[in-house]
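Below is one structure; the comments refer to it alone.
Order as written gives the chain letters A, B, C and D; numbering starts at 1 within each chain.
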Amino acid sequence: MLEELKIKVFKANLELVARGLVIHTWGNVSGRDKESGLIVIKPSGVSYESMKPEDMVIIDYEGKIVEGKFKPSTDAPTHLLLYKTYLSLGGIVHTHSSYATSWAQAGRSIPPFGTTHADHFSGEVPCTRLLTRIETEADYEINTGKIIIESLTTTDPMTVPSVLVNGHGPFCWGSDADAAVYNAVALEEIAKMAFYTVLLGKTEPISQFLLDKHFKRKHGNNAYYGQDKK
Amino acid sequence: MLEELKIKVFKANLELVARGLVIHTWGNVSGRDKESGLIVIKPSGVSYESMKPEDMVIIDYEGKIVEGKFKPSTDAPTHLLLYKTYLSLGGIVHTHSSYATSWAQAGRSIPPFGTTHADHFSGEVPCTRLLTRIETEADYEINTGKIIIESLTTTDPMTVPSVLVNGHGPFCWGSDADAAVYNAVALEEIAKMAFYTVLLGKTEPISQFLLDKHFKRKHGNNAYYGQDKK
Amino acid sequence: MLEELKIKVFKANLELVARGLVIHTWGNVSGRDKESGLIVIKPSGVSYESMKPEDMVIIDYEGKIVEGKFKPSTDAPTHLLLYKTYLSLGGIVHTHSSYATSWAQAGRSIPPFGTTHADHFSGEVPCTRLLTRIETEADYEINTGKIIIESLTTTDPMTVPSVLVNGHGPFCWGSDADAAVYNAVALEEIAKMAFYTVLLGKTEPISQFLLDKHFKRKHGNNAYYGQDKK
Amino acid sequence: MLEELKIKVFKANLELVARGLVIHTWGNVSGRDKESGLIVIKPSGVSYESMKPEDMVIIDYEGKIVEGKFKPSTDAPTHLLLYKTYLSLGGIVHTHSSYATSWAQAGRSIPPFGTTHADHFSGEVPCTRLLTRIETEADYEINTGKIIIESLTTTDPMTVPSVLVNGHGPFCWGSDADAAVYNAVALEEIAKMAFYTVLLGKTEPISQFLLDKHFKRKHGNNAYYGQDKK
């Protein structure tokens, strides 16, 4: 079942490798079937080289395996909590991409230093607080989802479709698996440029009006970037 | 019409991807037809993977679409103002290439730290001032062109064929689209080395006489770099 | 003899090149035959381009050549001492990969700055002390093995399967040659992110409980990362 | 004439591109014919994409073109002076490779921070002094050769086969064109790691005895790295 979505999620996972965002098994992509609400996700610890579309795992909102011969990604409970909380999410990506992860390791949010950032995020990409010992030792993956939600400062998760989990790495999302990967790629490049920018001595973000101008010319009600969608 | 120029501009756009200067839709190239004065430019927000030569948009000096089924790049008004102001320009490139954009985000001009810089630019690559709120909120793209022009300190735009727009990224130009891409590639490499050089503790540029020596042996009246052009 | 192991070690050596961990002849992989205890290792100073499986050298525990037309890697005595000391080792890798080597050159252990580190190493990746003049001038390669062993703070070498030799570079190991390469790839990426993290101002490692959580969910008795191994 | 050497020098030039050491026309390789003493060198400003073996230029010790339809590299006088001064040189390479050039731009010699450096250079890679205005304005390329020679602190140029020209970039050499490219590749990687090492806080080079140990086990009279050459 959901053969098309399995292929889409499979390809999205490989795209992470092709884009240089993951090595080994350091990442996972999932996608939600709008109709059934079922989630298709990468199997845990399976290498990208040997992975096939049919290896994708279908799980329900409780994390129960509906179809698939493998266990789902260890991070599945994090994905599920995000899907349950934000109904607009159609795809979620987790990577350990070098620059975004380094900001997460440093425990720093990524300030909007330029229009590239503003084209994709309406404000800083937040870094969560650290989990406590209790939150870490039990229900770790669910609690990871909880601090992601806690760290979102916007009511619409699509205006800043990425969060850095402190000491861990980025989670990104979008309207489907491809859009989530698209955002993960953008985040890594923006994290890289923010790193260089900081080393060049900048500490202040761009003005709110420049941030708004770029975000809205691309995503606002009167957006004029890109082609008309009919 | 202008089929040849459309192919040239199309290829120049793809060259940005091949050279690692742009991801997603973060860049655009335009070219001017010397005879008619018409501009061929990349369509807005169209992916490089699916783009074809016939998708290029032909616009006139007022930005009116002369031919093409797509809307032109959002940055078209910036390109147009530069073409109108500098008659020697035959091609313009805008990218968000990592290092050049990071200098722009830091609000810093790139000092001439070595002969590589001097081989391509007769002085520092200037970073513009920030746009005011008023300049940002209305006619943003035209005002971007205006501060580029304002920041040029040379009378001949070909002696420093690149500017960093503060908080945004580089604009480069040349005698045609290919030359503009050539300069964008050189700028990114020079921005990268300038970044490393700063981190190694250098603050002072090279001497004016070394700068002049290299720029002139390649571009001066008595240039002796390269082959004789007949 | 040991044709299969020779092919495995040969391929593991080439994998170092493919993964960007070595240039020229700056690396070597060896593997141990569990049954005979013989070691298969890369020949010294032979280029990766021209190398063939049959060029691999078979040596015994005393370093005597059992088969092969070439001299073994100069670092063979280091490999041998590690194999003799730790019976669980089935493969060893030495590289001069850029980031791991830079930490070694700086004489700094790599602190666990995030969960990527914790997924692979149960604590910091230690940097050895410097060899004395006497240790350097005679039996240099054996003494390199001795300080690697001296620097291990865990009783099980598999919990932190890498060491940085001060002023030199990393040695990594695993249950076989492939696993050792796998760890060398992970180490380089972790060293890179730790470098960025330090430049972003972080000095403290993650908490012991987060370190334990990630290491144990992947490698502990109750590990739940990956698929069940039957 | 010298068809074989022309092919060798041509291929060595392309190897610079393949190895990521040059973009555009930012580099050149030359080789010396041992018998005739003639030099084969890359033509000036010709793109690597279109270049053919027959485009290589043959010049004599005075820089006079012996064969070839193109002008030789602008840096030919620098190459010639080095060939005339050091009879052991069979090949010379000049690049603007990112890290080595950045050290040159910072005006800093590269200290021996580790054994990778010691495997290739018996001491620091020196950075020349700056040329004076007079030295720059007349006979610039010859004077570049003179300060390279001035900066060599060893009597045998093969023990440190690279120099950084202050504010400019690296010149490397070897027994032939391939060996010179080999050294240019090694230099760039060593410059990169030295850059990272400095950012990690290291200032002191490795001990003289570790430097000697590694250099001599590879290049000394009793070298035991690599295979016996008969």
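Going forward, a contact is a pair of C-beta atoms (placed from the backbone, for glycine too) under 8 Å apart; a residue touches a chain by one contact, two chains touch by 3 or more.
Every value quoted in this text rests on a predicted model; they were computed, and no experiment measured them.
Farthest from subunit B in terms of Cα centroid separation is C.
Computed from the mean C-alpha positions, the centre of subunit A lies at a distance of 46 Å from the centre of subunit D. Distance from the subunit A centre to the subunit C centre is 33 Å, each centre being the mean of its Cα atoms.
The multi-chain contact residues of subunit B, meaning those touching 2 or more other chains, are 199. Taken as a graph of touching chains, this assembly forms a single closed ring in which every chain touches exactly two others.
For subunit C in complex with subunit D, the residues that touch the partner chain are 23-26, 43-46, 70-71, 74, 96, 98-99, 101-108, 130-131, 133, 136-137, 140, 167-169, 195, 198-199. Those residues of subunit C lying in contact with subunit A across their complex are 113-116, 119, 182, 185-186, 189, 192-194, 196-197, 199-202, 206-207, 209-210, 213, 217, 224-228.
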